[in-house]
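Just passing along the structure, written as C-alpha cells.
Chain IDs A, B, C and D follow the sequence of writing; residue 1 opens each chain.
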Amino acid sequence: MQTRRKLGIPDEDFIQSDKVPGPTKEEIRVVTISKSRISEGSLVVDVGCGTGGLTVEAALQVAPKGKVFAIDDDEEAIQLTESNVKKFDLENIVQLICGEALEALVNLPEVDAIIIGGSASLREVIRASYQKLKMNGRLVVNAILLETAYEAVDEIKKLNLKDLDVALVFVAKGRDVKSGTMMLARNPITIISATKA
Amino acid sequence: MQTRRKLGIPDEDFIQSDKVPGPTKEEIRVVTISKSRISEGSLVVDVGCGTGGLTVEAALQVAPKGKVFAIDDDEEAIQLTESNVKKFDLENIVQLICGEALEALVNLPEVDAIIIGGSASLREVIRASYQKLKMNGRLVVNAILLETAYEAVDEIKKLNLKDLDVALVFVAKGRDVKSGTMMLARNPITIISATKA
Amino acid sequence: MQTRRKLGIPDEDFIQSDKVPGPTKEEIRVVTISKSRISEGSLVVDVGCGTGGLTVEAALQVAPKGKVFAIDDDEEAIQLTESNVKKFDLENIVQLICGEALEALVNLPEVDAIIIGGSASLREVIRASYQKLKMNGRLVVNAILLETAYEAVDEIKKLNLKDLDVALVFVAKGRDVKSGTMMLARNPITIISATKA
Amino acid sequence: MQTRRKLGIPDEDFIQSDKVPGPTKEEIRVVTISKSRISEGSLVVDVGCGTGGLTVEAALQVAPKGKVFAIDDDEEAIQLTESNVKKFDLENIVQLICGEALEALVNLPEVDAIIIGGSASLREVIRASYQKLKMNGRLVVNAILLETAYEAVDEIKKLNLKDLDVALVFVAKGRDVKSGTMMLARNPITIISATKA
C-alpha cells in the first residue's frame, strides 16, 4: 500500500495480533513522534516496537533517506512489525532487529532519536541509548507504569540531558451508542523526552 | 452487616451482577455524595439506582432519621439495590421504587437532594426533580455521555438553579503487575450540580 | 528561519502576544493535525487561526505544493499568524484572510481539510465548511467548551459525515521544582473529527 | 458556625491565605477522606495541614468523640488551620501541632488513619506513620509530584501494607463564560492509600 500521508494513521489501519501489545494509539503515537523531533532523513531507533505502530509512523516521517531500527526481543512482535512495514511500503526505511535492546543498540550507528516504549531494564537502556544519540539527539520514553515514568525522569536527570519534558496524556474516545456519545477512557501515558546536550 | 463507616465504601464491598450496571466507582460516588450536600436527616432521591452504590452511600449519610428513595425501572436493579441495602443494614432508611422516574417522582414528598445517574428522558426528569426539591435543595447529575452533560447544564440553566458546578472527573487506578504499577483508566464522568434558588 | 522539521513545534518557538489566544499547545496541535489526515499537497483551512500554531503546523505538512487558508476576524490574530508564518518561511504556503469565517469560506476553493478552533456561530461554520470540503475531506473541531463539543458532534451527525471520532485529550505537563516534578494540568480539549462521505 | 454537614465543604467556605497552600480542592478532599475510611470516633493525623481543608473535613467525620491531630511546620499554616477549625466549631476535635512531622508523630497515640499531604522527607514520615497506625489503620498520601507518587508506592510496598490503592484523579471544572462552559483543569493528584496489616 503506497501512502503519501505523513502523520496520524488510524489505529485500525494496522495489522494487529492478540499475542503482541499495541499498536500505540493514534493520539499517543503522534505526540510521541512530535516529541522525537524527527524529520526527513533522520535515523531513529524504536525500542520495543511491538505491533510496529511507532516504527511505521516514524518511518513515514524520515522517508525516503532516513532509517528506523525497530528492536524487539519477541519474535512475534518483529514479524507483526514486518507485516505493517510492508503494508505501508516502508521496507527500505525500516531495519528489523530481533533481540535484547542493550545488545542491539551496541551495533547501531549514532542516531537522531531513540523512542523507548518500555523495557525490562529501563535505566540501562536509557544509558545505552544516550551513548548512541548524536549531539542534540532526542530521547523519548513512553511510560504506562508509575515506576517507569519516575525512573525515566530520574535517569534522564542523572545523564544531564536538557529540555526535559514530561507530558501526562489522558485520552477518552467517544463511542456512538443508542443514547449518545459514551466517553471511553484509555490508559494514561506519561511521555518523557529530552535532548542530548 | 452493621457498619459505622460514614463514607467511601470500597467497590468490592457491594454485591454485584452482570445484568445491572454499577456500582458507581468509589471515587465518583464520594464526589457525587459531596456535591449533594446531604447530612443526617436529609431526604434524598436516587434516580436510576442500578446496583445501589449511591443509594447505600447516601443512606449512610442521612441515617438514622433521613430517607433515600431509590428509583429504577429495571426490576433486577431494584432487587440488587435491595440486597446491598440489606448488606449495609439500611432497610429502615431506603425505600425502593420500581418504575419510571417521572411517575415515581410525582408521589414523593419534597426532598433535600436528587441524584440522577442517567435517564432516558433527562430533561423531563430534571424538570420533575426541580419541582420536588425543597428550596436550597441540591440537584446532582452524573453524566457518562457527552450529550447528557450538555443537556444537564442547559436544562439547569433554563431552570435558573444557582451555584451551577460542573466537574469532569477522570480517574486512573493502579494495578500491581510484575514490573510495577500499571495505571488503568476509568471512564471520565461529568458531575453537574446546582442548588434550587 | 528555514526548517525541515515536519511536525511538532515546541510552543515556545512561536511568536506570541497577550492580545491573541494561543498557540494551541504542542500535544493538541499534533493530534489535531493527525486527525486532519493532511499530507503534501493538501489544501487546508484553519478557521480562527489565532496565533497561527495550527496554520504553521498544517503548512509544514502540505508544503511545498499545498496551501493553508488562515482565517480570523481579529486583525491582531492575522498579524501574529503572519509573523509566525514568516518565521517558519511559509509565506508561499499560507494565505491570510481577515474576516468572518462564513463569508471567507464562500470565496475559497474546495479543500481537503478544515480545522475549526472555535467560532461564535459554530453550527453555521460547520455547515459552510461541509460545503467546501472535497469528498473524503476531513473536518476537525477543537472544543474547549462543553457546548461546543456537543454542538460539533450533533451537527456532524446531522450532516451525515462518516467516521466520526471524538477524542477528549487531557494533558498535564511536568514542571521541575526543587522537590521534584510537579504535574501542572492543561485544560482538556475535545477534538471532534469526521470525513465527508 | 455550627454545621451538621458531614462531607464535602465547598472550597470557598474555607478562610484562605496567599501565604499558605490549599485548601485541597473539594473533589480531592472527599476522595482522600473516603480512602482514609474514618468514621465517628476515629483518631486521625493530618501531616502538612496547610489551610486545614482536610483537617476540617476529617474532623466532621470523627466528631464528636474522635480527634484530628493537625501538624505543620509552618506557623502561618497552623494559624490558618486554627481559623478554619474555629469557623466550623471543631476546636474540641482538632489538636494543632506546629513542628516537624517526624518529631510530632513520636508524641502521638496510636491512630486509625494518617493523611500525608506531602512532606520534605516522605519516606521517613511514611515509616514513622506506619509505627503510629493501629492494626488495620489507614495510610493515605496525596501526591502532586511524580516522585512523591513513586516513593509513596515504593515505601508502602517495602512496609508490606495491604490493599494498596493508587488513584490518579484528574479534574476539570466548568467556568461559565459568555459563550458556554469552559472546562478549566486542576492539577492531577495521585492518592495512594493502604492498610496496616
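Please note the rule applied: contacts are C-beta pairs under 8 Å (C-beta built on N, C-alpha and C of every residue); 3 or more make two chains touch, one makes a residue touch a chain.
Only a predicted model underlies this, so the values are computations on that prediction, with no experimental measurement involved.
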> Of all the other chains, whose mean CA position lies farthest from subunit C?
Replying inline: D
> If you tally the C-beta contacts, which comes out ahead, C-D or B-C?
Replying inline: C-D
> Between subunit B and subunit D, what is the gap in Å from one C-alpha centre to the other?
Replying inline: 25
>> Taking the mean of the C-alpha atoms as each chain's centre, how many Å separate subunit B from subunit C?
In response: 39
> Which residues does subunit A have that touch at least 2 chains other than itself?
Replying inline: 146-147, 153, 166, 168, 170, 172, 174, 181, 183, 188
> Given the complex with subunit C, which residues does subunit B contribute to the contact?
Replying inline: 146-147, 149-150, 153-154, 166, 168, 170, 188, 190
> Inside the complex, what are the residues of subunit C that reach subunit D?
Replying inline: 120, 144-148, 170, 172, 174, 177, 179-188
> subunit D touches which residues of subunit B in the complex?
Replying inline: 4-8, 26-27, 30-31, 33-37, 39-41, 61, 153, 164-174, 176, 181, 183
